[in-house]
Amino acid sequence: MGLYLNQYPLASIVLITGFMMILIGLWGMLTKTNIIKIIISITVVETGVNVILVSIGYIQGRTAPILDTAVLQIDALSRVVDPIPSALVLTSIVIGLGTTALMLSYVIKMYRVRQSLNIEDFGVLKW
Amino acid sequence: MGPLGLKIIYTLITLVICGVYGLLLGAFMAKTMARVQGRIGIPLHQPFVDIIKNYGKRTAISHGIMFYLGPVFRLTGGIGTLVFIPVIFGSEYFSNFSVAGDLLLVMYFIFFGQLGMALGASEGGHPYSPIGIARGLAQMCAFEVPFALAIIAIAIQYNTFSITEIVAAQQGGILSWTFFTNPFAVVAALLAMLGMNMYPPFSIVLAPQEIPIGPPTEYHSAYLGMLQSNRAIFAAAKLVLFMNLFFGGATNFPVLVLKTWAIYMCSVLVGAAFPRFRPEETIRFFLRWPTVIGIVGLLFAKYYLI
Amino acid sequence: MSSKDLLPNDGLSEIDQEFFCQAPPEYISPLPKPIEDFMNWARSESLFILAFGTGCGAIELRPLTTSRFDMYQYGIQMRATPRQSSVFIVGGYASVKTLKRIVRSYEQMQGPKFVVTLGSCPINGGMYWDSYNTINRIDHYLPIDISICGCMPRPESILAGFVELKKMIRAGQCDGANLYAKNFAWYKANQKRIIKDWNMPDYNW
Amino acid sequence: MIKRFFIALSLIILAGTFAKVVYNFVPNTELTNVAKHYVQHGTQELGATNLVTAVVVTYRGLDTLGEVVVLFISAAGVGLLLRRRKNDLVTKEEKRTEPSFLVQSVAEILVPLIFMLGAYIFLNGHLTPGGGFQGGAVIASGTMLLFLAAPYKHLNHGVLTALESISGFAYVLIGILGVTLLGAGHFIDNRFLPLGELGTLLSAGAIPIIYIIIGLKVGTELSVVLEDMREE
Amino acid sequence: MVAYFQNPLNIYITAMAAAFLLGLVHKLGKMASLTLFYGALTMMAAVTLGSALSLSQPLIIQTAGFIAPLSINLQFGYYEAFFTICVNIAALLGGLYLYDYLKDSVLARALFLMLVVGINGMIMTRDLFNLFIFIEITSIATYGLIGLDRNIKALSAGFKYILAGGMISAFFLLGTALTYYKTGTLNIDQIIAMKDVLQDPIGLTAITLLLTALLIELKPFPANGWGLDVYQGSNAGIAAMISVGVSTGALFALYKLLPLFPAQHMGIISGIGLATFFFSNLMGLKQTDAKRMLGYSSIGQMGLVLLALSFFHTAPLTMFLGIVGGLFLNHFLAKAALFWIAGIVKKDHIKEWGILSQSKMLTVVFIIAVFALIGLPPFPGFWAKWQFIMVLGSGNHTFIIAAILIGSLFEAVYLLRWFNYVLAGSEEKLACEKSKRVPVLIFGLITAFISALLIKSSLGPQSSIYFFPIAFAVILMFVGNFIPTKLRALFAISGISYLSYYVQMNVSGLNLIFAQMFLWGGMILSIATFYKTKAKPATYGLLFLMLASLGGLVLSRTTLEFFFCWEIMTLASYLLVISGKNAKKAALTYITFSLGSAAFLMAGFALSNSLTLMGLAALPSSQATIVFTLLALGFLIKMGAFGVHIWVPGAYAEAEDDISAFIAAILSKAGVFGLFVIAIYMQSTISNSTLAYSLGWLGILTATFGALMAAFQEDIKKLLAYSSMGQMGYVIAAVALMSHLGWVTALYLSINHILYKSLLFLSVAGVIYRVNTREMYKMGGLIKKMPISFISAMMAIIAMSGVPPLTGFGGKWLMYTALIEKGWHLQAALAFFASGIAFLYMYRLVHSIFLGQAKPEHKDVKEAPLWLIIPQVIFMGLMMVGSTLPRLWVEKLSVAVGEFMPSTLTWSGQTATTSLGYWNGFMVMNIVGVIFVIVLIFLLLTFQKVQKVKQFNIVFAGERPFTPETTHVAYNMYAPVQKALGGWVKPRATAFWDGVTEWSHTLSHMFAGIYTGNGQTYLFFILLFFLMLNFLIGAN
């Protein structure tokens, strides 16, 4: 084991970016009091996770898993990247979208009730 | 006439002797008190006359059945207590009905009369009766402690609850009396006896100046006569019990009279010299030094005598 | 005479009626002669005084218990409850207020019972004869066995009175309880004439 | 402040954990076994040149069905939250700014084009990068432009719902067809239709149909979501 | 068509098809879409059942025509079947329950269907990413449904849920990604097979991430604030689905992934479960909002299930289902019912819940649910918890056992406090739609049915002995509404008669004696219950149940049977107590201590590692000491020993008057029996040990302080209660003697206690019935009105005080002899003191009630009803026989005890002889009788005239008394004693337990303080939770 950043710059950069995004998103989720900003932070986290997912599937120097004229079936095994993470990312993006939509509608409703976007104003239930 | 018949006759004789003796002791007590106060005091036959007069009263009232039965319980308790104690050591017939039970029976039968009397007096409806009884009961459970400790010390020492055997174990010279073998227990018991006899300073039950005269306020005529009879018999019974337990018992009546008289004098002399405690003082008193002495007696018996 | 006519107990409220016995006193015939004589002797030798100081004379009773006079040697004792007493002492003047208590206490004593009065007032009112508040002749209200005169009688004379009382008892002359029972209506009427706020039963058992 | 400090501290610890992951991370140089199978046999088995589509629509078809469901319930949730109900107080409609002439006229030109592009994307999902979701999203973006251009215009909820309903149901139906035609274990199998010639539009069995359905469903659903949010 | 019902995949297909179609069908009309919705739910449940029934081996369902890992596969095995059945039935009924709610919104219906699909998917899928999707489906559907209520509570709760859910899904997805990176597959089975690959930092991080996500779904302490808010803020029907549905999915998902978790770290999961269980219940203590309280309870229960899961995830099917399944099922049934009821009641604060009592059926289900959660038999939780604790015991997990038992106690306290508020009643009308009522009732019935099944299956071959009485009791309770009181009483008595016949046929020796005490005593006492013209419907059923459980106690051979009967007895007696008029507070104290007692018993049995009572004998002495201590503590609590007696006065006093007699006379002997059982089996260890010595002192102290406290009571029943406590003290000491004479004494005292306490309580019941008060000073002079009651009370106190010639003396004689024979001298002295003090209260009792001055308002009081008199007469007769001929029964006791140790009591004629003394009860009786008669005749002869007078004809210093109230000396009668000894009986024990209560409430409040209501704080806790888990796994 060891640091392979030098050997595989692209995957590693993407990976690190993903983790950085998660950390940044978490920081936003935990410190921002504005709900909209929190939601944005969440999407940042999600995106970070997706980025990591992509970087995991990426194999240095390969292309997208579409077998057409550019990539022939015969040498596909050594030419394409892993299609599974891509499929997963696709799904995860859609799910993130759904969640975000729902969150935003919550925010709309919450704003209607309280006229506020500060998360500290929504602590009606506690203890 | 079988042995049972004989036994009954001897028991009756015991009763008469003890009754007369008890009354005389009462008179003697009053006389002593009077002398302490510089008076001549009642004639020795006064208690007899009082009893006769009370039985001879023409009218009486009854507050109800329990009121009526109260003195009956009381006298039964007194007589029964005496009957369950062997009076003269070595005499089969004067051991009365002590075959029915041991020391524990006697100790608990003492309560029989008191309980019945308490219920009877309560039915009288007089407020002083329950006050007096409440005091009496409180005092009783206080003096029971040193007394029980003494009794248990004896049970440890002689390893029996049978009064006859306890007396038997004390035969053989004055020094084998419990009084000398375990003086702590005896002192505790004698202190308890002060409370038991309800002479000052423990006369909180009758307390003529406060709650004239406590439980028997409503009792009169023949009831009162019975209570007075019981007082004599019961006093005698208790003295005999103490004598048996602590002073070697008696092999004949003169010795019995001598010993019980001596025991009785303790009460009398203390009574003549002291004013009255208050109820809570009484309780505290008994639960303090007499109890400590009793525990010492018990431990003495437990770890030294055996 | 039926008890109903005699004892309406009308001084009592309806609730109180429940709480008091309605029976009038009865005449109790003496026992056969020898027994009765013996009993009378016993009664005379065992006089239990109700320690109820009804008037100023009661102060003269106290010395009797002291070492100087010591009434105990004569068989006379104090008792705190009327139930057990046989001698009632009217200790001097009896006011209207006291009379009520005297009557009740006397009636609560069990027969045979004796009444002794001390001083002049119970006999004729004495120096208070014209007071609005003092009973002049106590024997209109209670059967008196013996009256000891003087204002007040000295303890010695009281003792003398008791000796006299004992003699009378032994002779069977003191039968106040039966007298009271016999003339109950008369006594009661007299008492009720004096005692306006009669709130006790007609006979206090 | 102290709160922020602790948050920062815990995030630093978390970063440490991540760092450990990164430190130990060896990028793949080979495909995983499953991926190998997909790459080697995917095209023959399913007839799709876009392997991602093959994975999305068939190999992991249940995921996609779930995905559709997620989108469906998101839309439903949004509707549930935002749509007026009978007993709601009717608030006065806010005044919306009229869009500029530029937006209006560009929209008139662009919206049909966008819709067309969307359709193209989902129709060619099995051949080229793209697919039902992507296409649907493009269609929804067209709707968005429509809203901007015509703020007072309402979409026809009835038609949208019907479209959405039918496409959803159709998807399930296709799934069942796999079972009924190919037997148990073939739920959401695209192969009940002939695979066709590799690389043509009408190939890869039911994948194009599924993508059409998904595209329609996603498009309508996202439009409905947008509509709901706008109407609120 | 049949195939349709046998393929679990159809659950999804049906639901999805229906959900997608709903929108379209809705256009046809509301009815159509509703039909579709409920049809789909029904079909889903039917498919689940059908699939489960046709299951012969675990079913693997492949999709897309490929074999996993190429495609996603689902698994429908026994475990999955069990959980999906639960979920889908709950969904069907939950959907029905939400009818009102769902009928207006087609979207909500679709969401509901998808929620169910999500849960089913979480349970069945074997693909990691697919699991993620199903988790998301479930979560998003839940978010949407929570938003159905558009009030601020629901919205803020829902939003917090979304925030938490966002974090969870990020964690899960990241975990999935890393797992895929390490293993190259997403199939769970393959991942598990390759789990060694995951033993490096990345793998462990992946596992930690996955586990964190799933654990957080289960709302572990402390990262569960959002969950609580959701339970509180959302609609009750939705909360129910979250509690029983979503949690189920998460639980099962966790179960699936648990093999991934390094086995050596399983303790972490256990710890999380335990902490969650303990702290949730602790925090629940202070809670007053009904739904939030249920939330705490839910979280706690899931914590317990998690704990069980961490122990048994690899256990064989039967054990897994028995423990994890049992605990889960218990939570599932009870929590759903309770949440639903909460939705019907629509009151937030538990104080307002009195309204529920207007619906009897709902109240019954409520009780069932609460009892199930507490873990009382025969509900599923009891069996599971028992097995669980037993397994823990065999593994010597003492700490876990303690935490579970204490946590359960907390839960019991707050649930039962809630129950008290329910019983308080309310004027308000309870509006309840049928659609809401039906699911609740069905769940109640299911619970009952499963409980019945469990009795049959768990108790083994002997089970029918326990099953039929319970069934009989339940029937008796339910027909209570329809048949007259007297008839019910008759049924109960005949039931008890049969039972006593049956039990006596089957036991011998000591057990026979106890059986006779329990059942004959109970039978005679039952006669008394006839006096009530109108008893509560359930009374007789419960009464029968209580006596039957006592009978069962005697019959039991295994620890489980014993404990089962013990708990049934607790349950029945608790319900009997609480049916008293103002008994709610007292009953709460009673049940709290009873459950504490049960907890000690459970712990004791668990640590004994023994399945049979007989097995207790085989324990090595160090273990036996601990086991004995625990079990003895359990029994002592039930006997009201000194220090844990504070439940005694309340329970005895506030129960209905005839019930008090049962509790005091009969029920208190259960503790004696228990003490005997362990003393017998562990005789060799305990004899002459410090333990027995301390027990002896405890007994004597109990006697002393019980008597002292009794002396200062104004309330007649409290007096009797403390008196019982005191008398039980003697029994404790006597058992602790561990000698032949000591045990004979204990038996003697117990039987005697039955006799006189029955007399006293019945007599007092009659008095209270007539005068309508329990304050003694308000009575007086009743002897003239109620002579038989008086005689019975008088005999009772003579017997109790130990005055010869009645039976009590035998007890005292045996006791002192035994004490001194053993060398416990100081104890004997203290016992003397205690029995002296006993005179105080006994006199007070009889005087204040029957003697002294009668009150005008009691002018028309009559003798107690005949039905109360009859048993008193019987008991008096028994007492007279027992007093006159003591050998008749004492010898039997002596022989029974003689089985265990050599007899030291010899008989000649009627004289009993010990090494210390002798006693002839027959002779004493005769002598006393003769003397009494002679003296009485003498008195009769002496009188010339006796005038019968009335109560005011008393000496009153020349005056007359004016009111009976001021003339009757009764109030604060022992003021001097109180002055002298009052300091001894300051309510220290009460103060101590109050302190315990206060402290636990303070702690509760303190811990609950972490739930600030701020979503961000909750998120932070989730993050910390992950870090903690990561640290624990990484550091080890």
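By written order: A, B, C, D and E. Residues from 1 in each chain.
In this section, a contact is a pair of C-beta atoms (placed from the backbone, for glycine too) under 8 Å apart; a residue touches a chain by one contact, two chains touch by 3 or more.
As the structure is a computational prediction, the values presented were derived from the model and not from experiment.
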Any chain touching chain B and chain D at once appears in the list E
Hop across touching chains from chain B and tell me the fewest hops that reach chain C.
-> 1
Those chains which touch chain E and also touch chain D = A
Report which of A-E and B-E is connected by more C-beta pairs in contact.
-> B-E
Identifier of the chain whose CA centre is least distant from the whole-structure CA centre = E
Taking each chain's C-alpha mean as its centre, the one farthest from chain A | C
Chain located farthest away, centre of chain D as origin (C-alpha) | C
Whole-Å separation of chain centres (CA-atom averages), chain A against chain B = 99
Whole-Å gap separating chain A and chain D, where each centre is the average of the chain's CA atoms = 16
Just curious, how far off is chain C from chain A if you go by their C-alpha centres, in Å?
-> 115
So, what's the distance in Å between the C-alpha centres of chain E and chain C?
-> 71
Enumerate the residues of chain C that touch no fewer than two other chains.
-> 28, 31, 81, 83, 205
Would you pick out the residues of chain A that each touch at least 2 other chains?
-> 1, 22, 26, 30-31, 56, 84, 88, 91, 95, 98-99, 102, 105-106, 109
Can you tell me which residues of chain B touch two or more of the remaining chains?
-> 58-61, 217-218, 221
Please give all chain pairs that are in touch with each other.
-> A-D, A-E, B-C, B-E, C-E, D-E
Contact footprint of chain A on chain D as seen in their complex = 4, 7-8, 11, 14-15, 18, 21-32, 34-36, 38-40, 42-43, 49-52, 54-56, 60, 63-64, 66-67, 70-71, 73-75, 77-78, 81-82, 127-129, 131, 133, 199, 218, 225, 228-229, 232
Chain C residues within the chain B interface of the complex = 28, 31, 38-39, 42-43, 45-46, 66-67, 70, 72-73, 75, 77, 79-81, 83-84, 86, 110-112, 177, 205
Touching residues (chain side chain B, partner chain E) in the complex = 55, 58-66, 68-69, 71-73, 75-76, 79-80, 83-84, 97, 99-105, 108-109, 111-112, 115, 118-119, 122-127, 129-131, 133-135, 137-138, 140-142, 144-145, 147-149, 152-153, 155-156, 159-162, 217-218, 221-223, 225-226, 278-281, 283-284, 287, 294-295, 298, 302
Complex contact set, residues of chain E against chain C | 856, 859, 944-945, 947-953, 955, 957-961, 964
Going by the contact rule at the top, pick out the chain B residues touching chain C in the complex.
-> 30, 34, 37-43, 46, 49-50, 52-54, 56-61, 208, 212-213, 216-221, 224
